[in-house]
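For reference, the structure discussed in these notes is given below.
The first chain written gets the first letter, and so on, giving A, B and C; residue counts start at 1 in each chain.
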Amino acid sequence: MALKRKDLLTIRDLPGEEITLILDTAESMKEIASRDIKKVPALRGKTIINLFYETSTRTRTSFEIAGKWLSADVINISTSAASVAKGESLLDTGRTLQAMHPDVVVIRHAAAGAPQILADAMSASIINAGDGAHEHPTQALLDLFTIRERFGRLSGLKAAIVGDIAHSRVARSNLHGMRKVGMEVRLCGPATLLPRHVESLGAAATTKMDEAIRDVDIIMMLRIQQERMGSGLLPSLREYSRLFGLTVERLKRAKEGVLIMHPGPMNRGVEIAPEVADGPYSIILDQVTNGVAVRMALLFLLTGGQPAAARAAAA
Amino acid sequence: MALKRKDLLTIRDLPGEEITLILDTAESMKEIASRDIKKVPALRGKTIINLFYETSTRTRTSFEIAGKWLSADVINISTSAASVAKGESLLDTGRTLQAMHPDVVVIRHAAAGAPQILADAMSASIINAGDGAHEHPTQALLDLFTIRERFGRLSGLKAAIVGDIAHSRVARSNLHGMRKVGMEVRLCGPATLLPRHVESLGAAATTKMDEAIRDVDIIMMLRIQQERMGSGLLPSLREYSRLFGLTVERLKRAKEGVLIMHPGPMNRGVEIAPEVADGPYSIILDQVTNGVAVRMALLFLLTGGQPAAARAAAA
Amino acid sequence: MALKRKDLLTIRDLPGEEITLILDTAESMKEIASRDIKKVPALRGKTIINLFYETSTRTRTSFEIAGKWLSADVINISTSAASVAKGESLLDTGRTLQAMHPDVVVIRHAAAGAPQILADAMSASIINAGDGAHEHPTQALLDLFTIRERFGRLSGLKAAIVGDIAHSRVARSNLHGMRKVGMEVRLCGPATLLPRHVESLGAAATTKMDEAIRDVDIIMMLRIQQERMGSGLLPSLREYSRLFGLTVERLKRAKEGVLIMHPGPMNRGVEIAPEVADGPYSIILDQVTNGVAVRMALLFLLTGGQPAAARAAAA
């Protein structure tokens, strides 16, 4: 079985069996990180463009390392101060880049749907590295990988996702992904930050954190965007932290052995207490490590790699 | 025959036979882009520095891909917010970089003549990737390559270049290049944006677009710098577009089979109508594709590659 | 003998024999720069992250070239406009990067001690590429290499370091380094810019330049930070230049054959006259060339390379 798609734009459109294929392939890739020589020739002669319209140290670095360990050529294009190509439309940027024959374009953009525009315009594979409040599918894949690695399975597990659900692409992609693999999801946050009709997405929703975390296997804390404070959507930092912060005290009410996740970067002392972030239940750094493996798997599969070859490539 | 120069600073100083040599070598290189493994070892162990004092997604990416496909090490230095080396003079920057033994430095700079300063200070090969309103020789070379690819020849063809001629390094380099290979050139734009004494350059000049495009084989539209609007040099965008924009309607008055070029990025609906940019006569994306091939050829030849070896390297 | 440390944070803590080991290894590396193919496989499959919180063309480029010539994968992370990872603490950035399994992280930071924080948090090797006014150990190592290359020895030589001693990490690292290898050091600058208790560091201090440069073998001029002018610490540029600038006239009072050094970038006409910077006694560009070799040696040794293997690797 191979990946039946040119692009990875959303988790929502990814069948469960393709999720499994990606996670299985990532297992083969993960071992490469612990080698003395972290390099396999699988993507030699392939060109990957990292097209980042929003700043991101973590995700861009993760994709760049993934590409380079696979021996691909990696080109970074970022748009900090100046605009990409002097105000050229995304469509024209996509067509222009396509004319240079890249194999994969990884895009992060503030506008939901931007990766779809590239995918339609380009024959290269497009990977969505986060588009507005829409999706961040590789984050959800690495989260699922990390959960599966710890529990040995996904189906039947219960997760609470806590924070600014309405504006979070991480929450959205994880909700879709977790549902597809048979997990149960509870969403928790201030009423102003819970999307309407959330139950129609197949998740329970609550504004009470103690209720949300009771008897779940995983608590996934979201980063609070401090720039939203004072917008009327959020109480003060102190109030937010009191109601929705994951503290040692609150963690006592959760299940024994519950695992703590966070997509990073963390606001220590706001949504998560330092003792929890660094405590024995935290698998936050595993998420980062697994991010490289999952992205290697995706790059490999989208450029035509066969799962069996992944084991050989990694061997 | 080999390239008889250390640097590529202008088209003006490049003999016709060296233009032909570069275009011929680019033909060998172009095929690499369509391979499954886009990588040849020709420049392994060579170091290329992309020194960009002006933002440029397109040209920088094109050079970076060209270098990497040839297996060179490519180092990007850009000067967005902060100045290069805290206000160090270009001459000192050049001497400092030279001390690190690069093989090629690609420079883009707002000041005409900046590449010459580097060329005098460094034993590395310098490629001018655009200096002020002076020259942009690799753009002209890729344009000539694209024209030759379509018509099978260059000599005797007629081209109209339309837009802000006075401030355009693309126009200047193309004018010199086209004249050298035996093409006939007409320049067209508002009277305020036509350089004086343009006829002494061997080109006809007109402010009437219909006259400019009549019976030419190629229409090359220039990007209008919107920041020049309101400077007194240019009418309003609407007026400019009405007088000098390439529309479907206007195109009907051109020769059957005329080819449309644009160096990008385009202002769609200003200097060029979307239907024309994306229409059957447009070879705008071919220009981008050929840009990589032409730059590969240049990098190869300037680092001592022999034309015969280009065919072997690409084989 | 191998390097007995995970990190290079300071010269102060580096024993003289390890300095010698690095300089000896750099000799093997230097020859690579003059080859036709500047590439050895020594660090293939190793990952180096250049984490620059301050702009630096020269040092970042030097490390990037050093890594690439050794065949390492080099990842650049810089924080110009946007903050690294949205305000994440350096400690969390370090832990996050560690989770991606780099072999070396090169850090430049405005705060003294920042590299130590990374070193404590990461199992990767940390190289301090300049931290506030604290240390810049690779600069001192390349300076010692350059001096040794010219004189054939270090012990017994006398050096004057002139400029804003109090705020200079270059001065601090060189002072420690020179003392360790048996050199005699004189520090010279305006009284406001000489650190207190300087004599306890084992150096003589003076505010009189003629006295400082008399009979020394090396004069090392520091870059004056023009943004400090008008702060009350410094006289006017003209006054500074008159009192502490190295001019042809002043140089006549120095020893025959004295060598002139500067870490760059230079303020020509302020701390150093152009005729001196470009004159026969200047070894300023040798410093730049040797910087690549010294950084190659460090990257090689810190990733477990054996000195004997360095000669083999370079052979």
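In this text, a residue touches a chain if its C-beta (ideal position, glycine included) is under 8 Å from a C-beta of that chain, and two chains touch if they have at least 3 such contacts.
In this text, all values refer to a predicted model and were calculated from it rather than measured experimentally.
Two copies of one chain, subunit A and subunit C, touch each other, and the residues they use overlap weakly: the shared fraction of interface numbers falls below half. For the two copies, subunit B and subunit C, the CA superposition rotation is 120 degrees, given to the nearest 5. Averaged C-alpha coordinates put the centre of subunit A at 40 Å from the centre of subunit C.
Residues of subunit B in contact with two or more other chains: 80-81.
Against subunit B, in their complex, subunit C makes its touches with residues 33-39, 55, 57-58, 61-62, 64-65, 68-69, 80-81, 223, 264-266, 268, 285-286, 288-289, 291-292.
The part of subunit C that touches subunit A in the complex is made up of residues 44-47, 49, 73, 75, 77, 80-82, 84-89, 92-93, 95-102.
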